[in-house]
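Structure, as structure tokens:
As written, the chain order gives the labels A, B, C and D, with residue 1 at the start of each chain.
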Amino acid sequence: MKLNRKLLWMLCICLLMAFPVNFEANAQEESASDAVDTTGIPPAPPVNVQAMDKPNDNGHGIVITWEPSPDEDRAEDGVIGYSLYRSDEKDGDYTEVRTIAAGMYSIDYEGEVYKYEDQDDREKIGSNPNPDFLEKGKTYYYKIQTTTATGLTSEFSEPVSAAPRGDWFHTGKTSYFIAIIIYFALVLTYIRQAKKGVHLYIRPIGGIEAIDNAIGRATEMGRPILFVLGTGSAADIATIAGYTILARVAKKTAEYQIPVLVPVNEPVVMSVAQETVRAAYAEAGRPDLYDEKNIPYVTAMQFPYVAAVNGIMMREKTATNFYMGLFHAESLLLAETGATTGAIQIAGTDQPAQLPFFIAATDFTLIGEELYAASAYLSKEPLLLGPLKAQDYAKALIIFFVIIGTITLSLGWDFVANIFETSI
Amino acid sequence: MTTSELLLNGLAAFLTLCIFSFLYKDNPFYKFAERLVAGVSAGYWTMLLYHTSFHDKVIVPIFQQGYWWYIIPTILGIMMWTRFSKKWAWLSRISLAFYMGIATGTSIPVVMYAAIYKQLEGSMNQITTDATGINTLLMTIGLICAVSYFYFSKEHDGWFGGMSRVGIYTLMIGFGAGFGLTVMGRIALLIERIIFLRDYLLVLFGG
Amino acid sequence: MKRTLPLVIVFCSGILLIIQHFIPSEESEFLYTYALDWIITVGVYAIMLGIWSLIRVTVNKARRDPGERFYAITTLAGFSFMVLTGWRAESLHAGSIFMTAFNYILIPIQATIFSLLAFYVASASYRAFRARSALATVLLLTAFIVMLRLIPLGPISKANNWLVGWILMVPNLAASRAIILGVGLGMIATSMKIILGIERKYLGGD
Amino acid sequence: MAFYDNMIDIDRRWIYLVLALAVMIPAIIPFTVPVAVTPEVNDIFQFVDTLEAGDYMFLGIDYDPSSMAELHPMCRAIMAHCFSKDINLIMCSLSQNGQGMAEQIIDEISARYNKKSGEDYCFLGYKPYFALVILTMGLNFRVTYPNDVYGVSLDEMPVMDGIRNYNDCAGVIGFESGNIADAWIAYANGRYDTPVALGVTGVMAANYYPYLQTGQLFGLMPGMKGAAEYETLFKQRLERLPEKDPSEDERMVARESMAYQTTSHIVILFFIIISNIGFFLSRKHEKKII
């Protein structure tokens, strides 16, 4: 327990250190200057023009900043725009990049500062060279001219230069980089504890107890079991959780000698599902019962797949239907057809939008994270159960931050909320 | 409508009715439409993958742009086929391993950002003393209780059980609302089909 | 080696791509697009496995049961028709036979299957929304209130509209946030288990 | 079998049949149902309705074709409302795929009310970087849009004479299917204090109610229902005008679609009630036997 508390403190401190600083823009203040008639007099160029490499990019961006021309607020014929010019030689030909309207100060700086990010990493557009492309490592020169409402222009500002370069760490992502490391450490800690044989209590999860009963019912009725892995890809975590539950179900059905039908809608998912079931049958000592034709590829399109699975339910009269994985609009189409055939149905998905339909139309539903927990729970392997504890500690941290963040914000301090500020 | 359009729309209308007949019960018409669409969609998908993914990720890089390193994914893809051989089946696991490693590796930072950081940012709000403040407070309490429902390694009894109880009620309200909100969109889909059938019949019978 | 090599690959490629996310440079961008192309390419070759399975299962069914023969031919004919007409690059443009088949067979069937949901929403709510327990009652009442917003009932509608707005903003928001947060933590933990080689059911047995 | 047992055991096919009738009847014999108007929609209507002829409104028609079903009716109703009151309109379209669609609707409504581009309205069209566009338009429309979508200079248009930025318009109404909505709130309202109202898709609506409470939005039209409410108010107003020829009535698309939405929702709610009454009666009965 001591270790845990230490870890928590470490986490808090690291997160607090990591928060990036955020400046608020000052509101623009209207101030009319002295009533001197300045009509016809050219405006002054902007002040303090600077160019630098754009941070946190792939090496094709330059940031130019400048402060307003003193003539921006003059009573007559004030400055309305800043035209930015670029060249790859200091005294070469400059081309216009963009005109920025007066008053559009950057929110990244305090006070009245303009900022423009000149950025383009496309060397060619189609087959034509891209004139706006910025080459990595090459020096570019910028100068700025101001324009007034009547079209008067100022002198150019003194050229400034910078060379874009690529960066090796994105500083705006620091805080969640650290969060990932800490979470990794938590998961590893509990895997180690599980290896040592520390017992972990896991609360009962509604749908899990029902799984064995549902398989038993199919056996009594002598009818097959249907297992739908959803319409996600093989790499979706929900599909992976589905395989683990499928392994368990397949092992039981091999013992009871009833077929399990797994129509799938993605070829990679099919390969994995076939491997999973084959392994489960082997584990149950009945590799002879395994039939690859029970795990067919139907089609990759959502609704044709649903039509086929609904046909299977009606014709094979499946006694138990499992829906475990990633589901979209097909959730209710499947579950409601299953309900009309009188099958026992157990569902689980991590899609918040589909959970209402599974809850309404199936007998048991694993809600969101319960699906992942169930797959670990069913495997009974301590190594898989260990990280559940890490997940729980992370949840405690989330609750902690929500409470502290809300309280501090209400008191007018934003330093806790700033921990979760990121700039991408 | 030209004759060919009339015939094609007739086919579409017939298939629409075939699918609707499933509402009464499973029947040969439905089975026909189901099997037809299974074949057609599998063929469509295959050719779509061929033209987009196979062409863009295999033929163009290797043969037109000369990026020889694109041969590696192709070898991995072909290794998937070793599943049919008992002796070489383990090779297909190597492609699967790359597939899973890449997919999970890319997802971890993205999920941490979108599902944890962004949600937490939205969950920390200033509580004011007006109606909005009360709602924010209630939302925050509901959120905390609902998160505690997903706590697995602690028995849900005592005060903690009470919290998770409030949490599951909050979740149920969310699910009820989600269900109720969707109905409108689903009815609109049905109407679109009915109007399609109605308009076709009007054309057919001289409307 | 047959056992450990895949696990080493998962570990290395997983860690590499996590780190990649935090490196903005061009080399890292290249790695990312190249890696995603791998996934797509592996999927493209896997489709052959799918087609093989489809043909084998369909032929097998037809062989076992004469009643299935007509349907098996329908499937195979539909499949071959699309493959034959979709062979040329121009087939993806509007007006080709391939796209016509898509527009007049696939689109209407897909739209109709989708629209069956209107009926299923009705029958599911009839069956499921019964006040069996306190929890079920809460679910039933919320769904009822939200659906009621579309029925004009004068002053009741006014109060109901306010209530629906409140439900969406307060408990509904809390519920969906809690699910997303939990799912997010679970996803990351499962991904980590896969990278660490603890979760390896997807590799099958042996 | 008692009658209440029948009530909890209705064959699903009866439900399907009743629902099918409930949506087919309005599709074959169109009728409209009364629509209860919510304050957030009423606020927008009143805002537009209290303007005088010759006032200006700004419309952002920023949705994609995929959200056309929900947002087209609202856009059409508000545009018609403005034109019927001789309010001048300045419009832009900040979604890449939305400009053609916006043009189509402008052509339709302006023809009906005999309004001319450059004289009664100005359509600025699409420009990328919506946040920047919204910001710069707060200074002067001419900065981003020297010309309108047809290539006519803004300075040559009678309708734009003396019109510089949002301050010269009564307010902004945006029709949104994505995050451009946030930019209108943050920049047009946040930075320039322009009154902003939004028409959004049904799915987005919940996220924007908080802005109503804080006063950052003066009104909100959520989805098809919001559109139907606006159409209802507009229709009531049309009927109050004696000189109006009733045959010229606007097509009330959203109101028509609300008819079958209402009937089908009634059917579903009816079956839920039946099922619960049956459930309670049968349970009460069971208890007596025990």
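Quick note on the criterion: a contact is a pair of C-beta atoms (placed from the backbone, for glycine too) under 8 Å apart; a residue touches a chain by one contact, two chains touch by 3 or more.
These numbers were taken from a predicted model, which means no experiment stands behind them.
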Shared interface partners, meaning chains that touch subunit A and subunit C:
B, D
If you tally C-beta contacts across C-D and across B-D, the winner is C-D
Which chain has its C-alpha centroid farthest away from the centroid of subunit B?
D
Please work out the Cα centroid separation of subunit A and subunit D, and write it as a whole number of Å.
31
CA centroid of subunit B to CA centroid of subunit D, Å:
28
I'd like the Å distance between the centres of subunit B and subunit C, where a centre is the mean of that chain's Cα atoms.
3
Of all the residues in subunit D, which ones touch at least 2 other chains?
12, 16, 23, 210, 225, 261, 264-265, 268
By the touch definition above, subunit B meets two or more other chains at residues 19, 22-23, 31, 33, 37-38, 40-42, 44-45, 80, 83, 96, 99-100, 103-104, 107-109, 112, 116, 120, 123, 140, 143, 147, 150, 171, 174-176, 178-179, 181-184, 187, 190
Mind pulling the residue numbers of subunit A that touch at least two other chains?
173, 177, 180, 183, 233-235, 237, 268, 271-272, 297-301, 303-304, 307, 340, 352, 355, 357, 359-360, 367-369, 373, 388, 391, 395, 398
Counting only chain pairs that touch, give me the topology of the graph as line, ring, star, complete or other.
complete
Taking the touch rule as given, give the residues of subunit D at its contact with subunit A in the complex, in rising order.
12, 132, 135-136, 139-140, 143
Interfacial residue positions of subunit C with respect to subunit A in the complex
18, 21-29, 39, 42-43, 46-51, 53-54, 56-57, 60, 106, 109-110, 113-114, 116-117, 120-121, 123-125, 127-129, 139, 175-176, 179-183, 185-194, 196, 198-199, 201-206
Which part of subunit B faces subunit A closely enough to touch in the complex?
19, 22, 26, 30-31, 33-34, 37-38, 40-42, 44-45, 80, 83, 92, 96, 99-100, 103-104, 107-109, 112-113, 116-117, 120-121, 123-128, 136, 140, 143-144, 147-148, 150-156, 171, 174-176, 178-179, 182
Which stretch or stretches of subunit A touch subunit B in the complex?
173, 175-177, 179-180, 183, 200-203, 205, 233-235, 237, 268, 271-272, 274, 297-301, 303-304, 307-308, 310-311, 314-315, 352-353, 355-357, 359-360, 367-370, 373, 388-389, 391-392, 395-396, 398-399, 401-403, 405-406, 409-410, 416-417, 420-422, 424
Using the touch rule from the top, collect the residues of subunit B that touch subunit D in their complex.
23-24, 131-132, 181, 183-185, 187-188, 190-191, 194-195, 198
